[in-house]
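Structures incoming, each one as structure tokens.
Each of the two complexes below includes chain A, the first together with chain B, the second together with chain C.
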Partner chain A sequence: MRTPPSDGARRLGRTTTRRAAEAVVRAIIHVCGWLAIVILAAIAIFLAWNSVRAFGEAGLGTMLSGTAWYPTSDPGKFGMLPLILGSLFVTGVALAVSVPVGVAAAVFISEFSGPGVKDVMKSIIEFMAAVPSVVYGLIGVAVVIPLVKDVFALNSGMTALTGGIVLGVMSLPTVISISEDALHAVPFDLRQGSAALGNTRWQTTFKVTVPAAGSGIFAAVMLGLGRAIGETMAVLMLTGNAAVMPTTVLESVRTMTGTIAAEMGEVVQGGLHYSVLFAVGLVLFAITFTINLAADLVLERQRKRWRR
Partner chain B sequence: MDLRKFVAPALAALLLAGTMALAGCSAEEPASEAEPTAEGAAEELEGSITVQGSDTLLNVATAWSESFMDENPGVDISVQGGGSGTGIAALINGTVDFANSSRGIKDEEIAEAEGKGMDIVEHSVAIDGIAVVVNPANGVSNLSLDELGRIFRGEVTNWKDVGGADAEIVLLSRDSSSGTYEYFKEAVVGEDFEYAASAKLLPSNQAIAGEVTANEAGIGYIGLGYITPDVKVVAVDDVVATVETAADGTYPISRYLYMYSDGEPEGVMAAYLDWILGAEGQQLVEDEGFVPLP
Partner chain C sequence: MNALLLERDGTLAYTAGAVVADDAVDVATREDATAAVRGTFSLSGVSVAYGRDRVIEGVGMEIPARSVTALIGPSGCGKSTLLRCLNRMNDEIGNVHVDGRITLDGADIMGKAMDPVELRMRVGQVFQRPNPFPMSIYDNIAYGPRTQGIRRKSELDLLVEESLRGAALWDEVKKSLKKHAFELSGGQQQRLCIARALATKPEVILMDEPASALDPISTQQIEDTIAELKDSVTIVIVTHNMQQAARISNQTAFMLRESLEEPAHLVEMGDTKKMFTNPDDSRTESYITGRFG
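What follows is the complex of A and B.
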């Protein structure tokens, strides 16, 4: 005769299996967590390793301070300053477009729109993020280049401004979504408290909710900035790519990303120019890494504030 | 990168249809013994060839491979773009049989290949005529090579100095990595000089043609195959860029396009190269807007 397992034994059996499963899952999750860090470190090491020749032969200081980018001349001139400034100019314009529009849109969606409108708008913004950058580039070529040329009476519409406007539009989804999340995370008690003190809805929004979500909105802006500085295809099509030291946004600029994308295919692999392109990548990586880190620290500060 | 990549399959399909139609009509071909009907043809080619490199050559290389595979069902040819440097690196790494290149191989690359015991052989497969184009509204219709050099070096910055209207010249160049950029620098700007820093570097021939169409003060250079009715071709030293003037050498701005192999090609590779250099291959060169070898 079989004796049915006692209740206690059955419970113990289940717990053991569950524990084993938990251990496996925990191990997998640990590995995944570390994997992201390993990949990031591997990218940095890979870039640095391939840049060694550039550091040795062209010199990091010379490259960072050089103002002439003629990589295919003999000997090549690898001054990165026009490229760094080009990226900064385009990104600056992009921020000037995406921050006011993006934050205002987030405030509207979070604070003033009804539930139906809110859902529709959020879907549309998600769709904006899904449009390939080459499509934004094509629209820029067809619409923004002629517009900038006519409005500013320039001899060419391929400028930092053109690229920046399109990049600003492209980084809108990032800015809007994250700002909206930050506003949404502001505890409802704050709004009610403000209303109880006799503030109108506008006063509540601009004096209480937006300042309370301030660091989250800042993080949104930083991530939008990261998106803009890393974008390649659209700027390659729109900014004219002349490696001049820009003085205004109405000049043509060459960005770091555009330079890497345009030149990598044709260079002698393993050559000096190839290595210099990796060095450009390393500079870009350092910039975006710093931006993302800053955004993360700020977000963390906000999380801590509401946890209290 | 190059938008032409997206058009390439469509063009290749069109060409395939075209060559099929031609094959149906043409009466006598030297290779008529190798008609598809001759099942037991004595020397049916078999094998596979991999080709990688220049985006400039991508369309014509695809057209070659399609036609050649059509005639020789036993042969499998794969063609990839990616750029001249990518192709030559792949050849040196032994991953492809032929590298397409729109520039001559560099000393650095030869040294690397020799280090691996390779003997890189250069084959000129087509000529690329490079036309200087301006907006149709521009009054200038002829420039000397010297004037062009001064324009692209940034020494002449206004159209009125070369017989045009009073407007600042907008320089449009291919990107610094392109073989065309380097060739134009050698042929026009001058080895020891640089392009004017204000020159806008555009990623493709179409981008230059598009901007010249839209900008009355623009001047740029594009491959003969990319000339559209919306741009005006400027004669250089009184010679207008056409397939004929580029082929006979009277037009001063034209260059060779190359395929590289490790050692002299043998077997199916030799047959493919001979076919490319023969009448059919060179006809495709012309169909794609390049200049056949004389």
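What follows is the complex of A and C.
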């Protein structure tokens, strides 16, 4: 005959299983966390490994400062500056579109619309995010290219501006939904406090709510930026893809992403051109990584300052 | 008679004004006297409903100027709701219907003619939880005056100091006005919120359980602050702390919601001393002595 375990023993047993379960969960979470870092490092190493030949034969300095991109001439010229500038021009235009429009839309949705309008707007934004980029490209071809051509009286409407406008629209869902979240998270207490001091809705919004959501809005802009700089398909369709040094946004440009996508199919695997395209990828990776890091640092500083 | 007058500051000020008028001294003095009693609320037949749910019905009361009026009653009886009627903060919530008549110094505050934004510059509010803005101590205080269009640094500096002194916070923060408000303790934050409300020079300050989230020492400081402020502004305070109501208020109003099916009403309002020693209504006595609620 076995005596039933005492209350204390049973409780102890339960505590032990709970401890074990906790340890397992913690281990899984740790592994996942480290996995993210491992994958990131693996990508960087993989890109660098494949770029070794480019570094050796074309030289990193030469590539980064070169203004001529003629990969198929003999010998090939691999100046990446036109591509880097192309990406920056397009991304700059995209930001100029998505930041003001996106933040204004988020403020409207969060602060000035009733529940009905809010729900409709949110569904529309989700839908916008789900549209494939090639469809945005098509719309750009049909609408924005002729528009830019006419408005600026150009020979071709395929410009950095064209690509940037469409990219800006494409990154709107990111900017709007994350900014809206940030505004939504501002405590009602603060708005109430401001209203009680005789401020109108508008004054409260711009003096308290938006500044209080500042770091979240900043994060939204950074994510939108990441989306814009990494986008490939739409820019291929819209920017004309001339790999020359641009001077204004009304010229045709070729972005880094567009170059990789367009040329990868035609290169000899393991060849110099192939390796250079990996080097372009590595530069792109470094740029996005730096932007994200900078954004994180800014956010961290804000968080420290505003911690309650 | 004298005792009564001394206890009810508002009445005293009124009487003094009347005396001056009788003596027919010059008009300026008389106007000063009238100005001195600004901040008098008068409510009649005030009912409030959240959507279909009627939570307050038929409240009528007189809130004299320059005195402390305490609103007491069990949780959910509509004290906060009634308080929010006085600066139209219910407008901010939406789906709230307020009926009846509320006047501030004779002017209807519920009609179209009253701009709630202007009303709130005259009737400030301090909330249950300290809610400083995410900015410096200085900017928190200057927030209201800046809204009113005051831009001159010297003028703002003066207002900031005055307000912080009024809220008994000046000595603690005068050397660190640029510090972020979130770095203050909870009690300091609440006094900052009082200072912030003072900075717009309101006639009335509404306080909704201003000390309930604070430790005893901070509570004491808030009570001291209230005692000083009542000479210059009307204070309406909601509190669950009976000792506090007895200590700091001149009048007390007791509200009660008999059951969830019916709206709350005002059971009794009167001189605090009387309310706490010899109330007319037995329910008041039960509540105050802690028998229900």
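The rule is simple: the second predicted complex is superposed on the first by the 298 of 308 C-alpha atoms of A that agree within 3 Å, B and C clash if a C-alpha of one lies under 4 Å from a C-alpha of the other, contacts with A are read in each partner's own complex, and residues count from 1 in each chain.
By definition in this document, a contact is a pair of C-beta atoms (placed from the backbone, for glycine too) under 8 Å apart; a residue touches a chain by one contact, two chains touch by 3 or more.
Not measured: the values here are computed from a predicted model.
Colleague: Quick check on the chain A-based superposition: chain B and chain C, clash or fit?
Modeller: Superposition result for chain B and chain C: fit.
Colleague: In the superposed arrangement, which partner chain does A:P100 touch: chain B (first), chain C (second), both, or neither?
Modeller: After superposing on A, A:P100 lies clear of both chain B and chain C.
Colleague: For A:V208 in the superposed arrangement: first (chain B), second (chain C), both or neither?
Modeller: In the superposition, A:V208 contacts chain C only.
Colleague: Tell me which partner A:P132 touches in the superposition: chain B (first), chain C (second), both or neither.
Modeller: The answer is neither, since A:P132 touches no partner chain.
Colleague: Quick one: is A:Q269 in contact with chain B, with chain C, with both, or with neither? Answer first, second, both or neither.
Modeller: first
Colleague: Could you look at A:A243 and tell me whether it touches chain B, chain C, both or neither (first, second, both, neither)?
Modeller: In the superposed model, A:A243 contacts chain B only, not chain C.
Colleague: Counting residues of chain A touched by each partner, does chain B or chain C come out ahead?
Modeller: Partner with more touched residues of chain A: B.
Colleague: Quick one: minimum Cα-Cα distance, chain B versus chain C, in the superposed arrangement, integer Å.
Modeller: 50 Å.
Colleague: Using the superposition on chain A as set up above, list the residues of chain A that contact both chain B and chain C.
Modeller: Common interface on chain A, chain B vs chain C: nothing in common.
Colleague: In their shared complex, at which residues does chain C touch chain A?
Modeller: 87, 89, 92, 117-121, 124-125, 127, 129, 131-135, 143-144, 147-148, 180, 182, 193, 196-197, 200
Colleague: Which residues, counting only chain A, touch chain B once they are in their complex?
Modeller: 68-73, 141, 145-146, 149, 155-158, 236-237, 240-244, 252, 254, 261-271, 274
Colleague: Which of the residues in chain A end up touching chain C in this complex?
Modeller: Where chain A meets chain C, its residues are 187, 189-200, 203, 207-208, 211-212, 305-308.
Colleague: Looking at the complex, which residues from chain B come into contact with chain A?
Modeller: Residues 1, 55, 82-86, 88-89, 103, 106, 108-109, 112, 167-168, 170, 175-179, 181-182, 185, 194-195, 197-203, 207, 210-211, 214-215, 217-218.
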